Amino acid sequence: MTATTVGPADGSGSRDTAASPGRPSAVTAKDLARSAAVRRRKSARLKIWVGSVGVALVVLPVALANLLPIPGPDEQSLSLRRLPPLTGGHLFGTDQLGRDLLSRVLHGGQVSLTVGVLAIIVSGVIGLIAGAAAGFFGGWVDTVVSRLLEAQLSLPLLLMLLLVVALFGPSIPVITFVIAFAQWPEVARLTRSLVLVEREKPYVAAARVLGLHRVTTLLRHVLPNVVKQASLVILLLLAQAVLLESALSYLGAGPQRPFATWGRIIADGQDYITTSWWLVTLPGLVIVLLVVGVNLLGDGLRDRARRRKGPQTEGKVSRA
Amino acid sequence: MVRYVAQRVGQSILAIFLTVSTVFVLVRLAPGDPAAAYASPLATTAELDRIRAQFGLDKPLIQQYGIFVQDLFHGNLGTSFSFQASALDVVLSRMPYTIMLAVSAILFAAVVAIPAGVWMARHADTARELGANVAMIAGQSMPEFWSGIMLLTVFAVLVPVLPASGFTSWAGLVLPTVTVGILQIALISRLVRREMGAGFAAPYLTIARSRGIPERGLTWRYAMGNSAVPVVTALGTRFAAMLNGVVVVEVVFAWPGVGSLVVRALETRDYPLIQATVLVTAVLTVLVQLLIDLTYPLLDPRVRLGKAVAS
Amino acid sequence: MTAEFDEDDRPLLEVEDLQIELMTEAGIVRAVDGVSFVIRHGETVTIIGESGSGKSTTAMGILRLLPPELAVLSGTARFQGVDVIADPRAVRKVRGRTVSLIPQDPMTALSPVHTIGQQLREAVRLRHRGLSRAETVSRSVDLLARMHIPDPASQLGKYPHQLSGGMLQRVLIAIALAGSPVLLVADEPTSALDVTVQAGILGLLLEVQENTGIGILMITHDIGVARLVSDRIHVMKDGRFVESGEAEQIVNAPRDPYTRKLLTAVPRLGPWDEDGESPDAPIALGEPR
């Protein structure tokens, strides 16, 4: 087969005529730009870029909140209540107690993001271990894990989470655990299916022949091969974790200390929506920007991973 | 077929049992004394003891569990102390509103999301599909309480064409439905797009195309026929999830359903009421999922007739 | 079966200088590089080659089954004069009426959620509009009976997963013939089947050809199949025909070194008279000629 390499992604540029003598290629630049291969590559790259920018726009200021020249999140100034954005050096305006909204959003974001990141770490670790064990060992381990996964589907999850928070108090560890509990099945299910495939590969049999312990084989050889794919899903879970945390805190079941988180800020501002639109709109837009960013980034990375894995054509014409 | 149904019913019973037990354990595990929570803050030790005896809290845990399960079978889920009425009755009186909102939202979502997903699958890897996809991702990324407040502000405050809260007329259903629907449309349409994409890539579709069957038939009969099970599953799962997932939207629109009830119960620490809500919702969720699973045999002959290959 | 075509007859399929380029992640791949062949009434023309040689891409390409965002075609492919390369829409008039496809893997070639009867009747109705339901059914039963499917009427209510691979392939041939085409494209029709069943399917195809004079484009990697059914053979390698000629000439006196390699690569293949020896070879079937 005479293969001509297309230049990277640009779709129009470096198209050689095929190396074989005789006919020139009939592929026009327009065909190429329309081709699924080029379009998929372009859209994955676009998603990754836009997603990264969105995430960075939220995460960087949140991380650097303490260094930015903004008032403290709890500095009240009753004479400067509900100032609209861009007045008096308040980029996002002020709230009903005269506190700087941007500062509140950024400091609250530190709590929100901490909870989100901790939650996906916990759910990721639990999900990876449970899923890998179920897939690798099979038997009763698999039965137990699979039944748990099924059972959780039937739980009225949000109500249970609210109940737990009500019983144990809205502290950061409780809320982290609650979100992780909601999310581990997704990681476990994926890991299990990945390990089921991985288990059948020759290197696992080779490890067995070499007399390696099964747990060693799983931890040292199988897990590293699935962690990369699983971590993409864990990244996408960050988006859900942030949304779930904001919903809990909107309902009054979010962390209160050290700072009110995004959901709480919006709930507080709700009463003033007719006169002070920014109190709800701006914190909400920050959440949307972050979550859209994470979702786009995860989606783009997944598209790219899928493309790399099956460089041919998604089975559309796997004959030939 | 009979075995399939029996197996599914068995699983459902197991799931309800598991939920019941989880709730029981959680409430017992929680710090603080349930009797103290039930009694007035000024209750004496003697009063607390009486309450403990009344609820069987002085008995061993395993016996308490037995009583708890026994009460469940008699439909006795305790007395809500903020309503001073049977917790089960209070929950059941609110349930119709939550179901109404969930049904209306899932219908709205299905009507929009299925054609949208099919359209996206048919235009796979085009700029238009990318645009639609990004829009769906955005819909999936909005907190429901926020989009609810935004819609409410625009359509009930700035341009007052729709009622802002409560359920006084059918128009009151519009904004909550749309709010819940946005997220559901995003989730369902992307799933439909994935399933239809797989359907379009299936060998039998190419073979059917080679026979001269028009594209419309290929899309709706072949690709859709084969995507029916995952799409119906998704609709069912989303619907079941909404039975407790609309909590947030109910609060935004002061919708008189179970969600706003439970938030109030949380504020007043009305544990019997929360417990009853969780249990009733769990039973409903499980029933919905059972119903969905029982439609599989209708949608896929391989389930109906067993996988065994004849001859 | 040899050389009974009429010189004045318009060829069923003329392919001239066909080129198919695939736009893959790895770049542009020229999968089919300037191939030409002709199929006339009652003829079987075989394209033989290893996997990846471009033989199936050729078959899929002339039926325009390669998605346009993947494949760019040039050259000509005329079905009874209708060029489907110049006008991709023209292929709609051709599919099912002039040419039908017999797929590689019968197990995945039918929709699993529709009955055999639904899919067969649909194919019948596409060509013969205005038939009553009873007529459609009786035609369907008739088609299945011609494929030697036992108890055809009761098969109509069955789903694909209830039939064996060999039976499904017979059903697929029936569906392919429902529109009374003049040409069949058989894309490795036996490679996914048990060896014992392969012979029956090939025998059936030859029987159909004998009765209707249908032309067949056979795609295969199996020299045994090619030798059994072909009038002419094109040997394909890397998208090109390295050798073309009458079946006997290719098999008995190959000129190209690649053809010779292909012939020796099949261990069960021997001189013509040794046929019946290997019990599992498809050619063990009684010669239908």
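By letter and in written order, the chains are A, B and C; residue numbering begins at 1 in each of them.
Note that contacts are C-beta pairs under 8 Å (C-beta built on N, C-alpha and C of every residue); 3 or more make two chains touch, one makes a residue touch a chain.
As the structure is a computational prediction, the values presented were derived from the model and not from experiment.
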| item | value |
| --- | --- |
| Shortest path length from chain A to chain B (each step joins two touching chains) | 1 |
| Centroid-based (C-alpha) most distant chain relative to chain B | C |
| Whole-Å gap between the CA centroids of chain A and chain B | 23 |
| Separation of mean Cα positions, chain C and chain B [Å, integer] | 51 |
| Euclidean distance of C-alpha centroids - chain A vs chain C, Å | 48 |
| Touching two or more other chains - residues of chain C | 60, 65, 69 |
| Interface hub residues of chain A, defined as touching at least two other chains | 36, 39, 316 |
| Residue numbers of chain B (touch at least two other chains) | 125 |
| Contact footprint of chain A on chain B as seen in their complex | 11-12, 14-16, 18-19, 22-23, 26-27, 29-31, 124-127, 130, 134, 137-138, 140-146, 149-150, 152-153, 157, 201, 237, 240-241, 243-245, 247-248, 251, 262-263, 266-267, 269, 274-275, 277-278, 281-282, 285-286, 289 |
| Contact footprint of chain C on chain B as seen in their complex | 125, 202-213, 217, 221-222, 225-226, 228, 299-302, 305, 307, 309-311 |
| Chain C residues touching chain B - in the complex, by the definition given at the top | 60, 63, 65, 69, 92, 94-97, 100-101, 103, 105, 108-115, 119, 122-123, 126, 158-159, 161-164, 167, 172, 175-176, 178-179 |
| Footprint of chain B on chain A - complex, ascending | 36, 39-40, 43, 46-47, 147, 150-151, 153-160, 162-164, 166-169, 239, 243, 246-247, 250-253, 263, 266-267, 270, 273-274, 277, 280-281, 284, 287-288, 291-292, 295-296, 299, 314-316 |
| Chain C to chain A touching residues, read off their complex | 17, 19, 21-31, 33-34, 51-52, 54-57, 60, 65-74, 104, 187-188, 238-239 |
